[in-house]
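Some structures to go through are shown next.
The following pair of complexes shares a single chain, subunit A, combined with subunit B in the former and subunit C in the latter.
Showing the complex of A and B:
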């Protein structure tokens, strides 16, 4: 009985609600289209947004820490463009890839410097860098589209390497497992939550909050740069507008996953569910030949609902309590 | 006998499995100050929340002028003439006094009639018998004045039952007197007042009747003339406390642990000099604004001093971060539990292990949950933290139990020096005695304890020596046996120097 009640309590939580929506979406899609449940379609569904969801995993930690990184999409663009520029200038592809990822690490460190050493809010710093990194990316490639990368590089973005899984998907799963362990089982993860809850208190308890924040922003920049490279490989071309506007989709996924924008609460599990919902919804609508604009509208409504539903739920709960009290 | 304005008849409130209040009855009469006392967690807050419509009672009824009512929400409570003011006044700093007074009104039409509003505000302030400009912004008001504004707000809403929850907890002695006068004025005007306070002397000064709650149960209601402070305390804690503050025994002095010379922070404190020995309790006494906490923060590395020498265990040290202080064996338990002490939405375990998390890690940096829980569980038992589980969220505990979680957190550092800022602020007598007991035991184990306290009886009972500060200056150090409330106060208020006071 207790077990049942505990399970019910779990299901009433936000994660439970997301799980319900996911199941409904999956069943709906499966009924609607016979190809939906095929391995090929399932992989494809991840592939189309793989870079966003990789970055969303890292963003989860940043938002739980009560910070935000708005510069991730611009960093994806910058890393892709830096890679393209180096490639054009005859640098060997492997070297150019390493350099592009280093650009992300440095960009993240640059953000971290202003946030932790100078004390400017991350919202302001990363908003400035949203413009800054993007500007740099456009300066590097101007209005060209750079293509003609070696075949193995393009293949990296599309070819399955282990079983049916392409590299980007494997990176996503590896990062997922790593971040679950870090956030939910390690001291670093505990610090991330505590700082998001009450940063001053954490400082008074001897937690090096500047170190934790620096690591998060450097990791965020690095992961974004890696995602930018994966994008370049998947599309096989680099332009100044790579990943333009992705930051909003990424933050949306994280918030839909139940992470509080004020920090201190949320989980990777919730964000994973949110990722699966968004991907399955988009895929299902694509299979049903619903246009891209309408798809965006549906995802948007889902977000609005995700804000409204906890509110409505609370009202229903209050009404029930009143009803019981009246009896 | 008059009929009560408001009456609670065997009201109960259950939260999930626990009963926060069971069958409590209480009658409030017009023109009467009714004191409500009890330890933290006794159910006072729950009762207030039911009266003001924040919670709904699980059973029982509420009568207003003899008629049963259900109070669904705070607006309805307000319409019925029930209002509450709290320890931390709720004022809008950018609005002026009159605007703050009329902020809750929804019945004055769509446009503000400025002239009427200021006139009415002035009238209300006058009836309270205080002087306060109604057109100055609230941001410049003292806490006592802010409370006056809150009371005026309640009066503007035709309050008939005014609940005052720990209104004097952050007020100075002078401000308390002012507030007491306001309360008397209200009583003369026929308002029924429910007055909640931990300070028994206030209860005896102001109340007509007094009700004691314990563990959610109604224990007693008596006219104030029929009770004694010992009797009240007995009712509150349910046991005899032979010595309220647990007098400490004189101990032989051990070697010096920490030595401070000429410690100075520009515009904060100047030239602080003292030694503290192992096993000694040194109290920092002084008024609010004496900068005692700042000295503590400097020693803990939060706000390092600019000049001066500190040596710890005979070695000169320069402490610039809390990490460094903790590594040396210095712990600082803050006076502000909510902002600086605990993560309110996290578990007892996560709070208790925070400064020492490294002790519970495997090689890969992962937390050993079982070791961590075992530690929290051992402190729960040792410090008698009253909670069903160590996984309980800290924010749901009473003040006294929160203070014990703070202590667990810092005791687990195994400190050589514990700086304990306001150890018993906002906690009830029972927990207070327990905290004093813990400090005594620590001292007996050889831990040096700096207690920063504004509670003079507490200082006199706990201290081996007392350092008095005033406006960032060290006024003198007493041995406990030479100290009296009078000579400490005369130093703290700057009326004398040490030589004259001694």
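Showing the complex of A and C:
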């Protein structure tokens, strides 16, 4: 009985559960493939999904705040295409890069305006912009692929810059540390949780809800635009379908990380564990030559479990309480 | 004088001999080991499975003790998935990857990195536009021939006069774009003076989208009599759309399709004529080519001639349809009508 209780206590922490899955995955991969633990493969494992996981970090704050940003992948596409379009029209590459990121900031501000000033739910606003940004991206590059960027730009996405680490991976780690500090060690972070838990109560406590939400959506747009640019550099070409459908993978990672879709709970650590699990699973399956459809299926089942397990746990707990109360 | 002529004769013979050595046909030596990966645009459509069938046949014939893998991404994750599989192949140390490229030039960094890691990249069905990151391209048929064949089918179905539109795959699918361009060139000929191309739309090689795009074309152009779809997904979806809406008498479907998928539409008159090459053969030839290159028996340079089992002898040439790159041209084309489609669909 004690053993069962101890195991249950461990499981009670979602992060503990994720850590267990991660360890199993890594050991399984290492046994199954001799190249899994090589530095090159470990870097590739991150590189192949780097843009998604950068955006997932920012999405964590949005969802904890009880909002959602469905427009991130379209924004990645828009920023990449805006960059390509400017490049094609002879704008110097550094300027085009800055402009592409500004497009993200503006797009985020546009989302924030409708959500905070007009009061339309973020689900609706960002769903509209999922279509809107993508449409704009396709208008900009029309039906073609733009390529031929300067070598240094492509190298930025493809070559290591410090040790074996490429730029995008360093940006990921920097953003990870920044968001851990902001979310878990600052007043702003506490507001994010409080609003996510109970916006009404936050308002009475004098939290500037609109300001917090605006900052989050502007940051989300900016980070998505940066990720789009990193994607363009990694593949050395852009077209209208850049990052198409990525929003689902990004939200999957965040929810699997234990962030409640209703807001108010979750942590960056959980999301980091979830990122590592998803990337290691994908990489392991790829090395085992397991094809696309099955990969999608496995990660889909994981998400279903991540939604079901906390629910089932809560019901068992409720039942136990009722049982004890009845006694 | 005799001496000199004798010397020159000898020299001439030596030259001939060396010339012959250069043009010598490479006969594949079976039993060499090379792990190869066949990577389609995505999984789940018939032509790629047929190509795999051909590759498996060649794999058995050449008694390659290595492995032949058939792995591909899902349709909605095609670009990222292809990049991932090429990168993984390099990590695994595969000897060669046979790629039907769906990623335009976005695949270039991954393909180049794989080549640097020692993976021989051979494209088939759809090449890398810039030819960077590939040894060569195994082309199904000459792109210009496809243009003429499509123009001729339009001419025959429209009775020499009428308007039609094109329903293509993705906007920058390299092969479809080249075929459409070739068809537009062919249409310049006075023979096709009364045939007008109205529009080109894209169904992204997805059935539902292609189906809707075909119906949208009908709404937009009431006087359109034919939709030409140079993609196996698009042609089937368009034919089904016309059949479902009872439009087969007014709007015909043609293009490039798989006999097994098109047989009912050809027999009921919705798609009276369409064309294709044999994907089993394409997979077979691609495997032979890649096996020779991956085992070091062939370099992949212009002028090399090799034997490809039951399909005969092929020579590597410069690819005239791209600015750079080499190719092996398979050819020829089959036009299917109600007379021969049933036999081919078996």
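Everything below uses one rule, namely that the second predicted complex is superposed on the first by the 298 of 327 C-alpha atoms of A that agree within 3 Å, B and C clash if a C-alpha of one lies under 4 Å from a C-alpha of the other, contacts with A are read in each partner's own complex, and residues count from 1 in each chain.
Here, contacts are C-beta pairs under 8 Å (C-beta built on N, C-alpha and C of every residue); 3 or more make two chains touch, one makes a residue touch a chain.
Quantities reported herein were computed from a predicted structural model and do not represent experimental measurements.
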item	value
When subunit B and subunit C are modelled together on subunit A, clash or fit	fit
A:245 touches, of subunit B and subunit C: first, second, both or neither?	second
Winner by number of subunit A residues touched, once subunit B and subunit C are compared	C
Which of subunit B and subunit C A:117 touches, first, second, both or neither	neither
From subunit A, separation angle of subunit B and subunit C (C-alpha centres, steps of 10 degrees)	140
First, second, both or neither for A:315, with subunit B first and subunit C second	neither
Subunit B versus subunit C as contact partner of A:193, first or second or both or neither	first
Touched partner set for A:202, first subunit B, second subunit C, both or neither	first
CA minimum distance (subunit B, subunit C), superposed complexes, angstrom	39
Touching both subunit C and subunit B, counted on subunit A across the two superposed complexes	none
Complex contacts: residues of subunit C adjacent to subunit A	42-44, 69, 71-74, 76-77, 79-81, 83-85, 87-88, 91-93, 103-110, 113, 129-130, 170-172, 202
Subunit A partner contacts - residues on subunit B that touch it in the complex	56-58, 70, 72, 302, 321-323, 325-326, 332, 334, 339-346, 350, 354-355, 357-358, 361, 364-367, 409
Contact set on subunit A toward subunit B in their complex	181, 185-188, 190-191, 193-194, 197-198, 200-208, 264-265, 321-322, 325-326
Residues of subunit A defined as touching subunit C within the complex	33, 35, 38, 40-41, 44, 48, 142-145, 147, 154, 157-158, 234-237, 239-241, 244-245, 282-283, 286-287, 289, 291-293, 296
